[in-house]
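Okay, here's the structure, questions in a sec.
Letters are used for the chains, namely A, B, C and D, taken in the order the chains are written, and counting of residues starts over at 1 for each.
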Amino acid sequence: MIVVMKQTADADDTARVAQHIEERGFSLHISKGEARTIIGIIGANEHELDSDSFEVLPGVEKTMRIMQPFKAASRDFTQKKTVINVNGSQIGGDRVAVFAGPCSVETREQILETAYAVADTGAQFLRGGAFKPRSSPYSFQGLGHEGLEHLAEAREKTGLSIITEVMSVEDIELVEQYTDIFQVGARNTQNYPLLKALGRASKPVFLKRGLAGTLEELLMSAEYILSEGNMNVMLCERGIRTFETYTRNTFDVNAIPVLQNLTHLPVIADPAHGTGKWDLVNPISKSAVAAGADGVMIEVHPNPAQAKSDGAQSLTLKNFAALMKDLKRVAAAVDRSI
Amino acid sequence: MIVVMKQTADADDTARVAQHIEERGFSLHISKGEARTIIGIIGANEHELDSDSFEVLPGVEKTMRIMQPFKAASRDFTQKKTVINVNGSQIGGDRVAVFAGPCSVETREQILETAYAVADTGAQFLRGGAFKPRSSPYSFQGLGHEGLEHLAEAREKTGLSIITEVMSVEDIELVEQYTDIFQVGARNTQNYPLLKALGRASKPVFLKRGLAGTLEELLMSAEYILSEGNMNVMLCERGIRTFETYTRNTFDVNAIPVLQNLTHLPVIADPAHGTGKWDLVNPISKSAVAAGADGVMIEVHPNPAQAKSDGAQSLTLKNFAALMKDLKRVAAAVDRSI
Amino acid sequence: MIVVMKQTADADDTARVAQHIEERGFSLHISKGEARTIIGIIGANEHELDSDSFEVLPGVEKTMRIMQPFKAASRDFTQKKTVINVNGSQIGGDRVAVFAGPCSVETREQILETAYAVADTGAQFLRGGAFKPRSSPYSFQGLGHEGLEHLAEAREKTGLSIITEVMSVEDIELVEQYTDIFQVGARNTQNYPLLKALGRASKPVFLKRGLAGTLEELLMSAEYILSEGNMNVMLCERGIRTFETYTRNTFDVNAIPVLQNLTHLPVIADPAHGTGKWDLVNPISKSAVAAGADGVMIEVHPNPAQAKSDGAQSLTLKNFAALMKDLKRVAAAVDRSI
Amino acid sequence: MIVVMKQTADADDTARVAQHIEERGFSLHISKGEARTIIGIIGANEHELDSDSFEVLPGVEKTMRIMQPFKAASRDFTQKKTVINVNGSQIGGDRVAVFAGPCSVETREQILETAYAVADTGAQFLRGGAFKPRSSPYSFQGLGHEGLEHLAEAREKTGLSIITEVMSVEDIELVEQYTDIFQVGARNTQNYPLLKALGRASKPVFLKRGLAGTLEELLMSAEYILSEGNMNVMLCERGIRTFETYTRNTFDVNAIPVLQNLTHLPVIADPAHGTGKWDLVNPISKSAVAAGADGVMIEVHPNPAQAKSDGAQSLTLKNFAALMKDLKRVAAAVDRSI
């Protein structure tokens, strides 16, 4: 960490900062420039330093961190890319993983019909929400336990692995009995009690970026899971909130290569939430694969106009099959398969 | 709700939308303009309609809602402003409520020293976190149960009422035994299981706006609590995330009068999180009171440089006392007291 | 336009709105719902109505527009895609246009070396700034007239067409003598005197989206040019400003298919400004082409570490040649050529 | 400037950075930590260094600036606050300056009626646009020269000083013959040719923050004016663009005390653009004065429903008079007058 002193700071101010550093067990280097004095803090573990405690000292203008605040999620931790194995399918390897299915599990028939169609295209993962975080208390809140039963039946019948959202600590035990992958939604991306508990669970975690979450914050949330011992975490870019209102969110395609520079964890794209409009899902899915995504999550519904949630951003079964053909071509153009 | 058809939509498209409306038990009015056909949906309960289901029908350009999606939180529900009574102090009345104390309860001595100083200024509420949502798993996570004990002792000794954060459903029962007001932090503002459970609790809820939460979303989160029966909810503007990096967040002072137009619930300001810098807390607190806030939450610490969290935005006891004097003058200038 | 009345509005309020509408030569339809009265304004030219004038009338809650505010730029104006012909090369056709070159023209040698390398890859357009909008008055401001001379020589020697930025009305005449395409930068995207003057110029205009410009605003800026008679306008997505600081801007890949839905004008991507980092230019260029961009603008420099501007986001000649190979594969995968 | 090397950087990488620094005439200090090597660049004029040129060198992770990039606008330049004198009225002194008038000058009668009403309240400055930047080419574009004539007549009759917007370099000479203060609007805040030309003009400049402009960028724009010799610049916070759609913009009240920390220039608030709604102008004006603004700009119109622009955010003459009374009380509460 670097501490930059104000132009008006005097020797006492600098001495006070130096003492503050030494009290915390770090050493320091003072550099007096013509315009500013700068103090470099020397020591292996910058994470233990709280920049706040310096910024309130008299004469301090600002502090700047040298290191990323995440460790286990960092490329510094391991240069080798994490590959997550789920029932024989890999996430983070050469093949682009496809997670497809309805926003919500609505009926046994709906999820089975979708699952068969998804399996037919060669996708490996069936998504479907049983516990739904809805912005209105008056909206459909999901089938709960019954939805999990339907997902399990769909897995049995199609061989797809399943992924479903978990919204609170008390549901983890139940959901873990059914799912192959836990999904953490954008609204819970900084629900730390949930993340810690998932860090002690046995199944991989699919962690979505928050609506206004920086990439650093996403990696810090992953760090909560990793630091408890669960190393099978994949990250999902799902659009961020900006001033643009034509789309529901702004899909941050930059996040894909940036995260791959910063972390060894697989990076998945969610073009449905990233756009909010079904007719943008095809081009944005292709853009995500071209940018190097390790997977895509696609909302698919047999009849989007009757969907109980997210119909506007769901593909029909037929449009999903067409998308899979398009994605295979784009994946091949960047030396991946689907 | 209004459905706007595309210029290229034909009679079949319109008929399909009409049928979709009628199947849901609503009636409609079709208006054919020169450039667009517009369909008005008539019926009392627009909340039951999912705009998504219309937007996927062929020929539909967009939908527009007429009504606000919140009900119990709305001024339509009651024109009378909600006043919340806590141990004889009112929130939402003529007097501006002041919630002051450290970010975290760190030691018995720290919270007692702060509590006495807060009480001396005439403030009524002591804040202090026992369960802390920290962005890093390596940071201080709060004293937990022990922190609640210290808060209770501070209440006993000073007569201040206490407010503390609750982060998960399983902690509600414990926290409720101690606190006078539950605080829900910005990261949990869309933690719906938590909001529903607090809707069944007996103590008032202090609900912070999310980092990138719209005012509508904040009111929908309040609606989750209200719809379960707990009508004592106050809303808190605590800064939103923008592109500006000089401050930690951008304090949205507009939110204060806007919320007071939209809802009957009290509106509180949190200038510490809204700025992230202690030297901005004084001017922004004054601006909030001048804009009509029903209360302010202030972070106060006996020694900010040694604080375990949020030191950079905490006032010293002396600066807090000075702020209280300043606020009394501004409150008087807008016909309020403190 | 739809006018939504407040719940508390009375018959006088509604009558006043009706009179206001009729005074402006429009007719209306009043719909009294259980909760709200809604007034539809009927007439061909919604653009002439100022929503502000309604929102100040007593009893009005809000207004909502039915139509897009742009006309000549709209798909309603023509369903046929605009193809711009520049010296025999087409922009907006099957072939993806590539605009490549340094941020600034720095020396004759620099631009010639770059031009030869660009031409070798099969790209058709040479970019290079002679007038530079720099955020600091102390930074290099461009070679001006001399830079235009160098660009013209490079065109002569390589057969590339040239594109360069114009920053003010008084420079248009000079720049027009040299350039094949005018570039309008993000900072001038709402410089209306400049846009109007370019609407009367004879060369095509390459119009960049503003840093915080909505897609609607971008189309309204295009409308300024189109409405003066210059129909050869192409639009450029170059990243928007968000809270994310890891990248210089957030490249809004959604904008590509959205604009292609809304307008007949060609849509170009600028991944250099959209990311700010040279090592992200390759993946983001591929993502833009996969999403359907009609062209890409790439910053290329013989020696980025010595560049006088934007070195951090410039490709070396070698990396640019490699990118062109990669883009050809992605273009083919979406049925385009480069 | 600090250069942080990657964990994987080797001695050659560090040597190359060192050479790059020395070639530019700076000296350096290398600090090898356990995890990273850090290179401090030593020299008085950090402004001359382009961080881009370092970021493309192999092995460089990032650069961090020590100094603010603005100089003449900085508190380092002078600790004494700038007070601007216009016809005997001061801006930046103890008295809060009030700039009031219609968005556009529409007719002689309209501006005279408004001017008399403004003068009656004790305000000192009459605003009114003659050249109008409108987002639609189909909207009223201002009266131009005729509008300036009306403003001059209003000044003659009331003694108010006048302020009006200038949109392009070629209009400066004309506008300067009439106005007392040049206004630069949000859309031109980075129109550098305009700023440079105003830096050579003889009248003070009222510079608005850009829609998505950081405070640093605003100060860099001021620097363009100051560096040409015009030291009479005042800065205006007028709301920034965020995700919140209930208000037209988000008024960034934090900007007021932050700017006063960073610069010696006066800071004005524009609550009309900062909110977009006339009924929010009163509370937000009070909040701005409470936060320490040196002035407020208020849109006032004799009949907002008939205004040709910005009617929705304009006060009636009566509401403006009431606001002035309210502001006097708030100003007194923070030891200012109006």
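Quick note on the criterion: a contact is a pair of C-beta atoms (placed from the backbone, for glycine too) under 8 Å apart; a residue touches a chain by one contact, two chains touch by 3 or more.
Computed from a predicted structure; not experimentally measured.
Between A-C and B-C, more contacting C-beta pairs join the chains of A-C. Ranked by separation of Cα centres from subunit B, the top chain is C.
Averaging C-alpha coordinates per chain places the centre of subunit C 26 Å away from that of subunit D. One inter-chain figure worth recording: subunit B and subunit C are separated by 38 Å, centre to centre, where each centre is the mean of the chain's CA atoms. Between the Cα centres of subunit A and subunit C there is a gap of 31 Å. Counting partners per residue, subunit C has 212, 241-243, 245 as the residues that reach two or more other chains. Residues 2, 4, 7, 29, 31, 33-36, 38, 40, 42-44, 64, 66-67, 76, 212, 241-243, 245 of subunit A are the ones that touch subunit D when the two sit in their complex.
Every residue of subunit C that touches subunit D in the complex is listed here, in rising order: 20, 47-48, 50-57, 69, 133-139, 167-170, 187-188, 190-194, 196, 210-212, 217, 220, 223-224, 227-228, 241, 277-278, 304-314.
Of all residues in subunit B, only 212, 214-216, 240, 242-247, 250-258, 261, 274-275, 279-280, 283-284, 286-292, 326, 329-330, 332-334 touch subunit D in the complex they form.
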